[in-house]
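Down below is the structure, laid out as structure tokens.
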Amino acid sequence: MGNQEVGVVHTRIERPDSALVDQLRPFGVATVHEAMGGTGLMRPYMRPVFTAAGLCGPAVTVLLQPGDNWMLHVAVEQVRAGDVLVAACTTECEDGYFGELLATSLAARGCRGLVIDGGVRDVAALEQMGFPVFSRAIHSKGTVKSTIGSVNVPVVCANALVNPGDVVVADRDGVVVVPRERLAETVAASTKRDTNEKEKRRRLKEGVLGLDLYEMRGKLEAAGLTYLD
Amino acid sequence: MGNQEVGVVHTRIERPDSALVDQLRPFGVATVHEAMGGTGLMRPYMRPVFTAAGLCGPAVTVLLQPGDNWMLHVAVEQVRAGDVLVAACTTECEDGYFGELLATSLAARGCRGLVIDGGVRDVAALEQMGFPVFSRAIHSKGTVKSTIGSVNVPVVCANALVNPGDVVVADRDGVVVVPRERLAETVAASTKRDTNEKEKRRRLKEGVLGLDLYEMRGKLEAAGLTYLD
Amino acid sequence: MGNQEVGVVHTRIERPDSALVDQLRPFGVATVHEAMGGTGLMRPYMRPVFTAAGLCGPAVTVLLQPGDNWMLHVAVEQVRAGDVLVAACTTECEDGYFGELLATSLAARGCRGLVIDGGVRDVAALEQMGFPVFSRAIHSKGTVKSTIGSVNVPVVCANALVNPGDVVVADRDGVVVVPRERLAETVAASTKRDTNEKEKRRRLKEGVLGLDLYEMRGKLEAAGLTYLD
Amino acid sequence: MGNQEVGVVHTRIERPDSALVDQLRPFGVATVHEAMGGTGLMRPYMRPVFTAAGLCGPAVTVLLQPGDNWMLHVAVEQVRAGDVLVAACTTECEDGYFGELLATSLAARGCRGLVIDGGVRDVAALEQMGFPVFSRAIHSKGTVKSTIGSVNVPVVCANALVNPGDVVVADRDGVVVVPRERLAETVAASTKRDTNEKEKRRRLKEGVLGLDLYEMRGKLEAAGLTYLD
Amino acid sequence: MGNQEVGVVHTRIERPDSALVDQLRPFGVATVHEAMGGTGLMRPYMRPVFTAAGLCGPAVTVLLQPGDNWMLHVAVEQVRAGDVLVAACTTECEDGYFGELLATSLAARGCRGLVIDGGVRDVAALEQMGFPVFSRAIHSKGTVKSTIGSVNVPVVCANALVNPGDVVVADRDGVVVVPRERLAETVAASTKRDTNEKEKRRRLKEGVLGLDLYEMRGKLEAAGLTYLD
Amino acid sequence: MGNQEVGVVHTRIERPDSALVDQLRPFGVATVHEAMGGTGLMRPYMRPVFTAAGLCGPAVTVLLQPGDNWMLHVAVEQVRAGDVLVAACTTECEDGYFGELLATSLAARGCRGLVIDGGVRDVAALEQMGFPVFSRAIHSKGTVKSTIGSVNVPVVCANALVNPGDVVVADRDGVVVVPRERLAETVAASTKRDTNEKEKRRRLKEGVLGLDLYEMRGKLEAAGLTYLD
């Protein structure tokens, strides 16, 4: 699987253990990103097209050409129930690659949603269908079907590397990519972080200060912070 | 009617057949734009100021000066029930040209909404009134009333040419302009496209692939697409 | 209190009369901004992270370093019930400085909300908590705690000067800063403006034109505006 | 000639009197724009790809599809000595539509330069050739040749309407469009303005203040300006 | 001197010791900014309109209204030889407030240059005159003269607070503001930093590594950095 | 070598055959990008900090933390004569990570230049030294040295994947990455393309039209292009 190779469709990809994906599902993007040591985030210009959108699943990847959505149709066939489709482009383009018809087709296959470094349209219909989409733009401009790209090659989407089978998590806080081989450790770290945060939240709610909870006062003094009355 | 001419108000414009406008109303921006062969779209930075906003109607046009909303007051008088007000500016400006008072005045005349290549304010009130506005920005900065522009001259709004009497359609997918003389053909083409899409949607929902529905497999092979196992 | 001085925390600030703050509370950002003669607005890139967010209260200010949220923890201790926290940064940075835990801590102290020229995360949780946040970005990227800044020094936030104790008002139309010493006059001017607008709104609703209500016809003619039939 | 009509090439356009074009040539964009009453400017994102670039001539227009430069080749044939090529696109696209080869071809026909609401490449070569180009981006990304657009239809380029035969002037201050039918009056107004400015420049250089030269003191006082010592 | 107060001209401001300004002059923006502890920078969108531009001098400040350059004419009279004019605006606006005529007038008074959070034009002439300008945009769009602002009040320009008499330094690296009362210490700290850097540069040029020069190896190891062969 | 792994320095990387790198050197970014089938480009926001900058060489990669240039010092030690340093960041940040001192150190090691998805400063000095830098911003804002990243791991820089040892080519047209294993074929394809273009350029210069040279007339007619007189 070459990097951003053009003209090929890999029909067989390694998906992660679905039980592990289900264990990752409850966690938000911020938690997962921190659990991975602060890596894996897409650019913050990737936004949900409707507020309630959220998704978690293994990636089928597609490399698009600018203003050309031909490969999305090719990609649909490679999607299995539970997958997320991740669409990158060889350059920046905000045209409307995706709308209600493609969403209908993906939903029919059990696809959990789309992450696309491009534009989409039929946003009201997508919300009504409850089909989650994260995109860089909302744009009605239609696309052509004339140049091929690839399916299931490694792609760079919104500045994040996505290999087919990596797990993609998206919510109102953004989109994060968990490499397949790091899934188990990320589930564990997310769980630990989440438990840890619950306890912190309880104490902060009671009025304990972060300055005390995190024992910051000494370090701040050492750094030279001065309190003036 | 000169192009972006400054200092004139045309009190008489040709509006399209209102029955035709009503026939266009059910269609979304993406459909109408495709029905016109992919033309007529405004820039995607034009967004509804509240989610449920939508409009369709003949344009009364106004050419504003930057940071100056004087001509909006002049334009109100030219608006008839069913019209949409389309405001362009001689340069880029995001100041808050428009708010609750002007919306009240336009609503009193039966105006269907505003499309403005500038900023607006009182957004919560606009939503409560149900007065649809599509703008490039939300901004409280007030404007002055010192330099004249024009009403009902051809204007370029968010990169689209709008002649008075053209029909403007806007929804969550953006804003599109239908030249008055192309309205009948656009209604026909939108209707045809919509019917066509309904049938496609039905088949895609059943699980038929776009690859088969659109008979793409041969063309993809001819283009050199390779499937690897 | 030096301007954007680094390394100090002022524990004592002068807050405005809380009765005056309560009198300002009903007014929207656009009204307050106009009442101050068109000054005090932050840049329009400052947006609520959920639609219903709104706030009004005296500012505790914090100067952050890029990608470093250490000083937010220091600032929490300086916040009293009714205050708004205003966070500026020594440079542009959209990382996620703030999320559910800090919001929990601020809410526990009766803080009315946050205005931050940076990014935030846990947006769904913030909405659920009803903790208002206005920010330049939504971003999951975490921050470090290694460099000190200041608390309660004058800061420039989104191009507006904010002194500790100034009153900050924010809603869907943006964010505006009322200098503490101008609070009384701004309440008076906002009240007057609001009363004035109610009467105007009533008349515009009845169909009176702004052209007549504001007596613009003569001035427009003097400016050379020509009506063509 | 329909507006932004797709699929046609008009081989016959009305060009302006070349003597008039030559009279306009010495004037800069700012002067011409003011001479036309503040209209006709393209968006300021249109920049010269090398500092010394400048052009003035009648427009041959071309409407491109995104990421597709096929129509540029069609347009070359319609260009005569002295013309400027103006390229608009049906949507926003920064791909590299144009480079050294097309510039060589245009130069061979006596073309005075290109104005394109898209990207270009081979910038060093363009500078070496002395072929002036004004574009929205510099980008190496290549384009395809698969979808037709139009030549010599009215286009909207960087928010300005350009009819074939309109005169386009570009320099380091931007790009301005002079409608063919307004060329004579614009030459006259530019000449007058230029003469006027020369005299003003002389007096300002001697130290006369604009406040006195333009007799502003009374108006400023009337507007309420207060001098404090 | 109220903050961003509208409608006043302060004719008397405290300028810093000109000998100190001369001592600051040799230092670049990056050095001065670091010497002040990382504060005082304007936003990086402020760019020189020609490459060789650079300036250093006490600020005469002006608060402009959007699209209105009236106050620039008022400000000229307050400028003395050696001053820099710093122009802020009550909102964001990229129109061309300033060109050759105003530059001629300022140069006649010995002004060292302009820093403006807006647009300028006649850029080629400015370069030819050698009059340094730092701006957020180059734009031909002209402005009106109808609304007053202020001269010599504190302003926020490109997110930096500038008090009249503060020293402004600008070069290809950006623009930085030195508060008048911090000038002496900033000259001293800049001198020290510069000397220090010269020695470092000498050693780095000889091939000594920063890792050794700054004794970083131990800290990196403590932070957990691992070298793999 | 894990993807964007944090906390490691790979001291041994495979560099490409230097003779092949030398053969690639004469070709521009546009040519190389086309020779690779339209892939490998960084985002067009990556610009040379001075016009004459250009570079070609194998990449040493570094993953930075936002606002923290510690790892640049670590990376310097891994650079050999002929290498290019490619710096990515875990998030978007425009601070000034790099200036004259680091450039001096890199130049002392024979480094051919820097490509950084961040800001740089001391731009005039870099030009004087003739040290090529391509960056997303010019910014004086200094950085800290407190959080580790990595050296010589695969990184995503300005949306392009860069593996250590890949060849990076940059000029006024942008930045492109040639995977090490595709270097030989890219040299061959670039050479072929370049030869091909020379012949085309010769013919276009003589006045042959692209329409004829590329035999487009039939295809355009088939696509429905209509010529109107």
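Note that the chains are named A, B, C, D, E and F in the order they appear, and that numbering of residues resets to 1 at the start of each chain.
Operating definition for what follows: a residue touches a chain if its C-beta (ideal position, glycine included) is under 8 Å from a C-beta of that chain, and two chains touch if they have at least 3 such contacts.
What you are looking at is a predicted structure, and each value in this text was computed from that prediction instead of being measured.
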- Task: Pick same or different for copies subunit A and subunit B, depending on whether their interface residues overlap by over half.
- Result: different
- Cα-superposition angle relating the copies subunit D and subunit A, to nearest 5°: 180
- Compute the distance, rounded to whole Å, between the mean C-alpha positions of subunit C and subunit F. 42
- Message: Taking the mean of the C-alpha atoms as each chain's centre, how many Å separate subunit B from subunit F?
- Response: 41
- Separation of mean Cα positions, subunit E and subunit C [Å, integer]: 27
- Query: What positions in subunit F touch 2 or more of the other chains?
  - Reply: 38, 41, 44, 65, 90-92, 94, 139, 141, 147
- Message: Using the definition of touching given at the top, classify the network of chains in this structure as line, ring, star, complete or other.
- Response: other
- Query: Which residues of subunit E touch subunit C in their complex?
  - Reply: 2-6, 37-41, 43-44, 65, 90-92, 154, 156, 158-161, 179
- Tell me, which parts of subunit A touch subunit D in their complex? 65-68, 90-95, 139, 141, 144, 146-147
- What residues on subunit A touch subunit B, complex-wise? 7-12, 70, 73-74, 76-77, 94, 96, 99-102, 104-105, 107-109, 119, 121-124, 137-142, 145, 147-148
- Message: Considering only the defined contacts, which subunit A positions touch subunit C in the complex?
- Response: 28-30, 33-34, 38, 41, 44, 47, 171-174, 176, 197, 200-201, 204-207, 209-211, 214, 216, 220, 223-229
